[in-house]
Amino acid sequence: MIIVMSPGATQEDLAKVTRKLERVGLKAHLSTGEERTIVGVIGDKKTIANLEMNMMSGVEKTVRITEKYKLVSREFHPEDSVIDVAGVPVGGKRLVVMAGPCSVESIEQLREAARAVKDGGAQFLRGGAFKPRTSPYDFQGLAEDGLKMLRQVADEFGLKVVTEIVDKDDIDLVGEYADLYQVGARNMQNFQLLKALGKVKKPVMLKRGLSATISEWLNAAEYIAAGGNEQIIFCERGIRTYETFTRNTLDLSAVAAVKELSHLPVIVDPSHGTGRWQMVQPMARGAVAVGADGLIIEVHPHPEIALSDGDQSLKPGKFNAVMQELREIAAVMGRTI
Amino acid sequence: MIIVMSPGATQEDLAKVTRKLERVGLKAHLSTGEERTIVGVIGDKKTIANLEMNMMSGVEKTVRITEKYKLVSREFHPEDSVIDVAGVPVGGKRLVVMAGPCSVESIEQLREAARAVKDGGAQFLRGGAFKPRTSPYDFQGLAEDGLKMLRQVADEFGLKVVTEIVDKDDIDLVGEYADLYQVGARNMQNFQLLKALGKVKKPVMLKRGLSATISEWLNAAEYIAAGGNEQIIFCERGIRTYETFTRNTLDLSAVAAVKELSHLPVIVDPSHGTGRWQMVQPMARGAVAVGADGLIIEVHPHPEIALSDGDQSLKPGKFNAVMQELREIAAVMGRTI
Amino acid sequence: MIIVMSPGATQEDLAKVTRKLERVGLKAHLSTGEERTIVGVIGDKKTIANLEMNMMSGVEKTVRITEKYKLVSREFHPEDSVIDVAGVPVGGKRLVVMAGPCSVESIEQLREAARAVKDGGAQFLRGGAFKPRTSPYDFQGLAEDGLKMLRQVADEFGLKVVTEIVDKDDIDLVGEYADLYQVGARNMQNFQLLKALGKVKKPVMLKRGLSATISEWLNAAEYIAAGGNEQIIFCERGIRTYETFTRNTLDLSAVAAVKELSHLPVIVDPSHGTGRWQMVQPMARGAVAVGADGLIIEVHPHPEIALSDGDQSLKPGKFNAVMQELREIAAVMGRTI
Amino acid sequence: MIIVMSPGATQEDLAKVTRKLERVGLKAHLSTGEERTIVGVIGDKKTIANLEMNMMSGVEKTVRITEKYKLVSREFHPEDSVIDVAGVPVGGKRLVVMAGPCSVESIEQLREAARAVKDGGAQFLRGGAFKPRTSPYDFQGLAEDGLKMLRQVADEFGLKVVTEIVDKDDIDLVGEYADLYQVGARNMQNFQLLKALGKVKKPVMLKRGLSATISEWLNAAEYIAAGGNEQIIFCERGIRTYETFTRNTLDLSAVAAVKELSHLPVIVDPSHGTGRWQMVQPMARGAVAVGADGLIIEVHPHPEIALSDGDQSLKPGKFNAVMQELREIAAVMGRTI
């Protein structure tokens, strides 16, 4: 931490700052400029992290130098991590594709979708059984019935299951059916859920919050890692901006940023990220070219009658075409799908 | 809902749209313009709410006309609601002030703060026992020990207790000590928590999410109300913008908007909302003038050594001065403190 | 400036940084921590302002300590400035109110509006003759004809004239009719216009850009001041956020911030700032309570037939009621209207 | 336009709305629902565009159906446009790359940069002679001297010149040296400049404003087109969000959106868009994969001593590597560089 003293700070102010630091075992290193004195704080990271200095007389502002997350950072672990999800490596040379409907609606719908997902070459079936919806009057998902259908259909087609968890009480239940827990954007800072997922032995895909900074996202992952579960996959799904043409603003620059700051894999969701099926294809291509480790795409056999998010779902034929293009972009990146 | 057909839509496209609406019991009302046909959808609100039409051929876009929330809306309940919190009416002629430290740290700290809170004329003691923090390595609160101190000290000074709940498993525990549950910004769309609070008999103060629209905020409250608990108080605490001088951008215009759209009381938090103690006083005055029903303010006997959020806490003397000014603004508004 | 060296920086990296600083006449002050070395840069402000260090090997990041603006800063000029606009002091004990239609449409419209403005107790007639509109096909204003009407009608009622300037070529023309130049949000960083206004002898009201930080706003004002014209008034008019209920998000916290950072007066525009006439009254009250030095309000005799921005205009009767309330809030603030 | 009447609107309210529409030659088409009546407005587009109805009694809200821009829209002109810039087609099968330093500093710097630009295979030399800077005390560019150097060095290497114009008075001057005018983000809604550029015979590259919606961006281009100059190229350069790790948030989804809504070419600036040289390479790849028609990249022979924006400049060797990768991604897209 750096403490910037105001131009009007007195010697007494400075002495008090120094004494406060010394009292908690830290050292002050002074740089005296023409107008201001700057105090470099040296010592134990955790003590510094909890330091509050802005209220002290003569202090103009403080600047934090180091991020608080550690286990998820590339500084701590320079090599890329590959997460094993039920035998499918995520973060390695081969890109992973997760696809399926937004919500599980029926076994027939799911089976039709799964066929398309499998034919396209994806490895995961996605589908929501618990749906966090803005309004209490919207369809909230089929719950355990939905989970059962997901598992059954995924097994029929040799696919893995990724599905959202919205309640820590459901960890065992969801874990019984899913290969990968998904934490949705609205729960990115549901710290109770994150702490509980830190205790499980299954990997977790952590979606970015609607207006989360990259630092907050990594710190949220650190909650899971600090609990003992370092099997984490990030998922960029669009941020909230003032734009109204798209549902969210899919932030591919966050992919490049997270790949620089963390060793963990990053997946992109161009369906929720744009809210428009017309944009899924170009944004999926862009995601792979930026360096994403995979994609999660909404595929629905009949999106025009979907119970949620039909506008952003691809029909099976279109999904196939998208996968074909992704293979070519992946090849340029030295990767496969 | 209004469906805007694209200029290139065919008669067949239009017929399919009409048939789909009829199939679910809705009526289509056509307006044929020079370039586009517009379809007004008439019928059951809930059916319309779940309608997905954008994927249909020839549909350019759809526009939703009505908000989904109902119980919390002023359209449904035109008169202001007054919420009774352990005998203190919130939303009536008298403004309510909640004050105290960000985190409960010790009985001595809390007692000193409570004395200032009481002397200033506030009715509630605030203080966090469960703290949702960005990093897992930050101070997370004293949990039940903190709750006990809050209750004990509040009782000593004749104050009510408001404190944050972060986990639905703690509803009984927190309810044993608190008079008012506070749901923090990060949990505004933690729907499991909201649903659980819909079942309790105690009032809930719902803080606005970091980048929640006003509509999302009202819909979140609707989750609580739909469960049976209509004792809800809104709390504006600043939104996330690109500004870095303040911690958040305190949005007083949201107060005016919510007072227009809902019958429920609105409280303002100028401490978290700005993150700078220097700005608490002017923003508290502004809040009352805009029409807020009360304030929640951080007061700490020694903010320079606070374990969290010291930068935004008022010292007791300053708090007293703030209260004095608020009384005068309140008088202009025909209210008291 | 502070330079934070990365944990892996070598002694050679550090030596190069030091040498680069010395070459341009600056001094390096080193603080050596456990993991990182931090370099405080000491010397001439302007040299530091132009320094680029981030590309150098071993540099993790740089932190700028001082703002670049000076003439407009309170650090440079601690006392409040009062700007004289054709005999009306702005920024003193008496609040200033500017009111009138968004666009000048006809002499009759303007005269009706001016009567209401005068009756309400405002000192300035506002009205646009040059309108910057999002679309080239929208009404662009009456140009010089509008300016003439403004001057004529203002003189009839003993009011001052404030109007927008959008082109530096119009400085003389607008100056002939107006008492106060208004620079609109879209031109806040039209530096050519700002530089030209730095050369005139008339005061300038600088609206905040749609997504301008407070620092950028003060720097924009510094362009005018650096040219020799320190007669500057700030005007907060709402920022762009994700909210759609209001046209903009009126940021009253910016008023408190600018009053802290600058000695210049700040005016608030609740009409453009909200885009809804229903919110003008509460937000105007809030503005005065936060500490604004005045208001600019849209008043139109017949807003339902206005050529621009009718939705946010007050009718004369409502304007009168607003002014009455503002007087009472002003009195609490020790001010008059 | 659609007018939504409030549930409490009377027959008289509705009659007034209808009469107002008829008075200006428009027709009202009513859809009467259970709670609300909806009025479809039919008739002349321009009349509708200028209609203000929200102030009328009984009107809840109005919804605009059609965008105001026309000449730049794909609806008006379905085929992709190819813009000829001094013999180089932009928007066709071959991608265009513009590269060079942020500011022109000296003939030597420019010559070194131009060599790298040419060697990498770019077609345009970029470089600022007029620099719009946040602070009046920052380096403002070499003006005409800079323009001369640009032209001279570009000619030496067989490159075209793109450079920023900040003042309509400089149109002839800049036009003498440049092949393509660049309008910067801060001037995207400098309508006087846009109107003046609508009269010239040279193509214009219009950068997106810091927080411009896609609709505003297209409307800004319409200003140029409406003046008679349809030779327009869009340039996405990052939007302002709350993120602080990057300088801006490069919005590749805007590229896909503009390609859908307009027939004009779109270029991407990953240098300003991220502000970090480390992110230029992945974001440049992403841009091509999303469908951009080209890139503008900062290349500086010695970025560590650049007078502006060194942090985001590539060294010549790195630029070469980036170009190599872009060729491979372009090939997948069926394009060349």
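Order as written gives the chain letters A, B, C and D; numbering starts at 1 within each chain.
Keep in mind that, in the parts below, a contact is a pair of C-beta atoms (placed from the backbone, for glycine too) under 8 Å apart; a residue touches a chain by one contact, two chains touch by 3 or more.
In this text, all values refer to a predicted model and were calculated from it rather than measured experimentally.
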Would you indicate which option in C-D, B-C or A-C repeats the interface seen between B-D, with over half of the contact pairs matching by residue number? A-C
Inter-chain centre distance, chain A versus chain B - centres from mean C-alpha coordinates, in Å: 26
For chain A and chain D, let me know how many angstrom lie between their CA-based centres, rounded off. 30
Multi-partner residues in chain D (2 or more other chains touched) are 211, 215, 240-242, 244
Going by the touch rule set out above, what shape does the chain contact graph take here: line, ring, star, complete or other? complete
In the complex formed with chain C, which residues of chain A make contact? 2, 4, 7, 29, 31-36, 38, 40, 42-43, 63, 65-66, 75, 240-242, 244
Going by the contact rule at the top, pick out the chain B residues touching chain C in the complex. 211, 213-215, 239, 241-246, 249-257, 259-261, 273-274, 278-279, 282-283, 285-291, 325, 328-329, 331-332
In the complex with chain C, residue positions of chain D that touch it: 20, 46, 49-50, 52-56, 68-69, 132-139, 166-167, 186-187, 189-192, 195, 210-211, 215-216, 219, 222-223, 226, 240, 277, 303-311, 313
